[in-house]
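Below you'll find a set of structures to go through.
Two complexes are shown next, each including subunit A; its partner changes from subunit B in the first to subunit C in the second.
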Partner chain A sequence: MASKFTIDRRAVLRGIAAGGALGASATLPFRPAFAKTTTVGFIYVGARDDYGYNQAHAEGAAALKSLPGIKVVEEENVPETVAVQKTMESMINLDGATLLFPTSFGYFDPHMLKMAKKYPDLTFLHCGGLWTAGKHPKNTGSYFGYIDEAQYLSGIVAGYASKSKKLGFVAAKPIPQVLRNINSFTLGAQSVDPTITCQVIFTGEWSMPVKEAEATNSLADQGVDVVTCHVDGPKVVVETAEKRGLYTCGYHASQAPLAPKGYLTGAEWNWSKVYTDYVNLFTAGKPIPNLVRGGLKEGIVKTSAYGPAASAEARKHADAVKAKFMAGDMVIYKGPIETNDGKTIVAAGTSHGQTDIWLESMDWLVKGVIGGT
Partner chain B sequence: MPGFAVRLLGASEALVLPLAALAASMVLFGIFVTLAGVDPVEVFALMYKGAFGTAFSIQNTLQRAAPLVLAALCTALPAQLGLVIIGGEGALVMGGLTAVAAALALPAGTPPLAVQIAMAAAGMAAGGAWIALSGALRHFRGVNETISSLLLTYIAIAILNHMVSGPMRDPASLNKPSTPPIGDANMIGSIPGMDVHWGLVFGIVFCIGAWVLMDRTTFGFAARMVGGNVRAAAMSGLPVGRLLIITCFIAGAAAGLAGMVEVAAVHGAANAPLAAGYGYTGILVAFLARQNPLAVIPVAILLGGIDASGGLLQRRLDLPDATVMVLQGIIFVVILASETLYGRFRVFNPKEAA
Partner chain C sequence: MATAADLGFWTVPLAIFAGAIRVSTPFLLVSLGECLTERSGRINLGLEGTLVMGAMSGYAVSYLSGSPWLGVLVAGLVGSLFGAVHAAICNMPKVNDIALGIALMLFGTGLAFFLGKGFIQPKAPNLPAIPLGWWSDVEQIRSALDINVLFLFGLAMTPAILFFLNRTRWGLVLRTVGDSEDAARAAGFSVNRVRLFATMAGGFLAGVGGSFLSLYYPGSWNEGLSSGQGITAVALVIFARWNPLYCFYASLLFGGAGALGPALQAVGITHGYYLFNAAPYILTLGIMILASSSTRRFSGAPGELSVTR
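Our next item is the complex of A and B:
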């Protein structure tokens, strides 16, 4: 009887405490008036630990956590609907965030733009490189990297590793960003051996693990012996390839722990540098550039450390080309380049440097790629 | 005991049982988060704050509830006839896509209101046709409507993806394939004084209309009779096929309208994010509301609130995103289990007790 009473009393006390907490939280002003700490909000479209796109951003966000006076708030699995608008507003209203990084490509238009108009004093930075002067609000900006430079290097290493001279690429959607990665990867491999082909399979979705596994298995069955991908979470592709005894090149983040035997190298984002730079500008009150772009040279993208399967020859070749990228005099799209449906897309003697806007509306695949857009 | 008190007591059963089930789910969820190493009091305090604690939170909740109200009707209405339709997502997608097609087909300079009405009509017609197809397959060919509506959803999403990346693609939408925008002027704005779009009002009106239709008209009576016993209804001369297909059409029209609101109030164009899963959450809402069109509204708000508070749990307590899914799951199971308790408490049926 006595013990029962104790439990009841505890429950009652807990209830009172809960009521008190609710009352207090309902009356407190949520925007901290003493905004000495800067709250930075990060929003991810998938899981933070997806070994891919979202993990790359989360690793970048994690780099900010050690900075003094910075508080990072994060939310994962936020769909590209009104939900992301509300998540941004929730971070602003309830957490006092003043700098927001909605990281998924699809968050930009209309979601982030709408919030930026509603909260003109706050700063919104988006990953994707879509910002256009005159068209988009001044308190917004975008950043993106020429990750196909790292894909080109992966292609070189893959070219050396492949015995069958058949590479495989598991891709999400036939959009310019993805096509550019496929082309650069293939051109990198063909710089080793021009007869190399690359079989591409589009899954149609950014994250569709079952199809990605099927695609990888199907590539293995066709005699492909090096696989890479451009999907949000390369985990399944890399794991499946490792199980089938294929070599892999990673994407977005390092998947080396998933494929200790077959991982050659990979194209990774270096968001920790980008985010640290942004936050330093922001807290110092300096103007934030609306458009930030760059590749290996600017430190926006990087390559994974070579795996045990990458030959010394491959490393030497890739390192030499990387040095050219770092010096700024490497051009991937240099004529003559033929498409896989027989057109000459870049004439001999012409070249399109990495910053060339023409490359961003790519709707073709180079010769040697098996698959259509 | 006076008659009306007995009736009131009987009716209160439908309110008290779900609330008790909800409370039980909260207790179970509290135990779950305690096991996960978080103070349940803090969790509930944050959930309250995130869902209803501030003016912003309430609007956040209502905004998230809006599409769920309409999507839930897609399951709740056919349920009156004993059908289990789970294809609301497909009707929503077809509604949104067709609404955009209607807006783009109209000549430039058409007054915005006319464009919006055309979009709503087209969206409802397309969504309605989509679910009516399921109903027709059921009636004429004996195809299980649950399976056919689910499969039709996959087809609808495939059509959406094909159209936005092919025939209807705006060439300017490079890396996020979309249809051309319907134009800012044609967007439907927010409810005055609130940051919640008109979809909420459409949903509530649709729910009330559906309730009147099912509870207060001969059509509804006939429909519920079909739900009670198809053969008896057919024997007594009711046009079973017509009732079935019309109800399915209205149900699909509700989801189609939700799709139209998504494109006209949120996205401004049709693209892949249109298939955001509202149709599936709508099934959950309909079942929790025990397929009652009026109960759909509070249940949708409850789930909207859980959704709205999920972000705060992630940000403040570092709980994974799946936490709110666990809560949704617990509520679903406990409420379904509580169905078996109806009529088992004498307090609600004093006459029988006496």
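Our next item is the complex of A and C:
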């Protein structure tokens, strides 16, 4: 262990030289330029091969392992409690991590913010898009993707696949990101057929396998024939839906191997690009943007390859819309949009583009969604 | 793909019925096992760990061997091994069975997470269901009546354990040990050996219950699989007054109540789902309060049980 921390004289000299050259341009106060290898810490809330949220991040982390001079340390199953602070402490003090990615939503406040104040020289980047200038420390940052673009495309494919015109959505908690996915999925399907409805079931927890299976079965009993979800591990939902003979759209990562018959397409993260970009900036000593966002166009989200059940017509429509997203001229939230309790939330003629902050405080569901926030 | 009839609100009772059968099996098996253990005068709180360990080992063996039945068997054997460890340590003087149970619970879940790392991704063959709904052409009813053998196993174990406890000599020995160590010793029975077997049998059932989770419903191994079902099942035994038949009813009640939240949302009752999701626990609290007494002991409680003594 001891040899890991010894820094020889040459490395220090090199570091001073490099630090001097880069120091002026850095926005973050400290750059571990003297270190031979940069240790990057990843913290996951669940298992890293859960076919879901954590797997998506772990795939991103795995992409870093091939980069020269980068060492990745990971810890799984860290609850969103003071436990994550302890994990960060040990990654910093024992592994020498200088760049940390606490990937779960609930790690940010207060845990990551506390650690960022305690270690102002290190960099903390959180997945969730919660960073606000002036309010949060300079050495922290936030990144998130507009995955609802991919959900919109899933909705289109689902709209073509559904015969009963009833879609189902197994969701964890009614927070803005989840609601936005539900709304975009539904709007995508309604762009195919405006009469389509989407039934939402909230399980109340990010990971609750038995309840997720029950929710999927309840949806199937209601005559829903395409199911998607927003829970940490979509595995159970996709497998249960496949058993009941439903179509599924995946989420977080590709669940295609779990549902060879019914998998249509899915909304996936592309964290390997985000993490590689960050680490390249970090090791080059360039300023790290505090807020990184993007969708299909920026390569932060992607869609799963179409499954055999996706019709040619559906593929054509979805590909056309995808091309519009890639060109940057597709707007999902374009008026008139009515909520499912009868209010007009986006008036005719107004539109809210993907980067609009207003969309991030979403607390409503569009008309055609059966469910309450 | 699937054609489902429009059942409207009828899906709620159907979902509760189907959920009662689907969700109740682990509760049933763990509570029956714990019932045996507690009737011998000991509490094994470690069954949560046994359940998770059973789920993991069953899934792993099913994946490696290709036979889910072998998985169930191994899950049971791993469960009885955990039971044996609990009993063997508790047989030493001055060991608190509750504290040890908690230790084994943490050990079991930790070990299962550690050994189960490599089995989250692979897809193991699942247990088949018996399609008892063949007579119906309504898809929902057919699906609800796809009943797993392990549920039927639990269903058969209920009267069997009842018969064993009340009508057999060994059952009498077990109850004697549970009610009065002194009487059992005077009659020449080995208290420790009886408890060893009772705890092993309880562990076996809990392990099998775990394999139901990973091999049938929801049907895959992951770390959030149990989410406290083992510990709930231990509580069910007290709720069921140490009677196997009541354990069966209580498990069905819990399974059905657990299905209530999703089912109500599916028909469009979208308010207060947190409350509906909590239904099983509210139900337990209500019944415990109604049935409690400040002057009498729990009726049916084994005399040697540390929590009621």
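The rule is short, and it goes like this: the second predicted complex is superposed on the first by the 339 of 373 C-alpha atoms of A that agree within 3 Å, B and C clash if a C-alpha of one lies under 4 Å from a C-alpha of the other, contacts with A are read in each partner's own complex, and residues count from 1 in each chain.
Assume a contact is a pair of C-beta atoms (placed from the backbone, for glycine too) under 8 Å apart; a residue touches a chain by one contact, two chains touch by 3 or more.
No experiment lies behind these values; they were computed from the predicted model shown.
Asker: Overlaying the two complexes on subunit A, which is it for subunit B and subunit C: clash or fit?
Answerer: These partners clash in the superposed model.
Asker: In the superposed arrangement, does A:212 touch subunit B (first), subunit C (second), both or neither?
Answerer: second
Asker: Once the shared chain is lined up, is A:370 touching subunit B (first), subunit C (second), both, or neither of them?
Answerer: In the superposed model, A:370 contacts subunit C only, not subunit B.
Asker: Return first, second, both or neither, reflecting whether A:204 touches subunit B, subunit C, both chains, or no partner chain.
Answerer: A:204 contacts both subunit B and subunit C.
Asker: Who does A:223 touch here: subunit B (first), subunit C (second), both, or neither?
Answerer: second
Asker: Contact-wise, after the overlay, does A:244 reach subunit B, subunit C, both or neither (first, second, both, neither)?
Answerer: Second partner only, subunit C.
Asker: Determine, under the contact definition given at the top, whether A:51 touches first (subunit B), second (subunit C), both, or neither.
Answerer: After superposing on A, A:51 lies in contact with subunit C but is clear of subunit B.
Asker: Where does A:137 make contact in the superposed view: on subunit B (first), on subunit C (second), on both, or on neither?
Answerer: After superposing on A, A:137 lies clear of both subunit B and subunit C.
Asker: With the two structures laid over each other on chain A, which partner does A:77 touch: subunit B (first), subunit C (second), both, or neither?
Answerer: A:77 sits against subunit B and subunit C alike.
Asker: Between subunit B and subunit C, whom does A:86 touch in the aligned arrangement: first, second, both, or neither?
Answerer: A:86 sits against subunit B, while subunit C stays out of touch.
Asker: Please state which segment of subunit B collides with subunit C in the superposed model; the candidates are 134-142, 188-196 or 296-304.
Answerer: Only 134-142 shows clashing C-alpha atoms.
Asker: Can you give me the overlap between the subunit B contact set and the subunit C contact set on subunit A?
Answerer: 47, 77, 204
Asker: Which of the residues in subunit A come into contact with subunit C in the complex?
Answerer: Residues in contact with subunit C: 46-47, 49-51, 77, 163-164, 199-205, 207-215, 217-225, 233, 235-236, 239-240, 243-247, 257-258, 261-262, 309, 370-372.
Asker: Give every residue of subunit B touching subunit A within the complex, in rising order.
Answerer: 41-42, 44-45, 48-50, 53-54, 56-57, 60, 63-64, 161, 165, 174-177, 197, 262, 266-268, 271-273, 276-277, 307-308, 311-312, 314-315, 320-321
Asker: Which bits of subunit A are touching subunit B when the two form their complex?
Answerer: So the residues of subunit A in touch with subunit B come to 14, 17-18, 21-22, 25-26, 30, 47, 73-83, 86-87, 89-91, 93-95, 105-106, 108-110, 128, 173-177, 204, 360-361.
Asker: If we count contacts the way the header does, which residues on subunit C are in touch with subunit A in the complex?
Answerer: Contacts found on subunit C: 1-7, 11, 14-15, 18-19, 22-23, 113, 117, 120-121, 123, 140, 143-144, 213, 217-220, 222-225, 227, 229, 258-259, 261-263, 265-268, 270-271, 273-274, 277.
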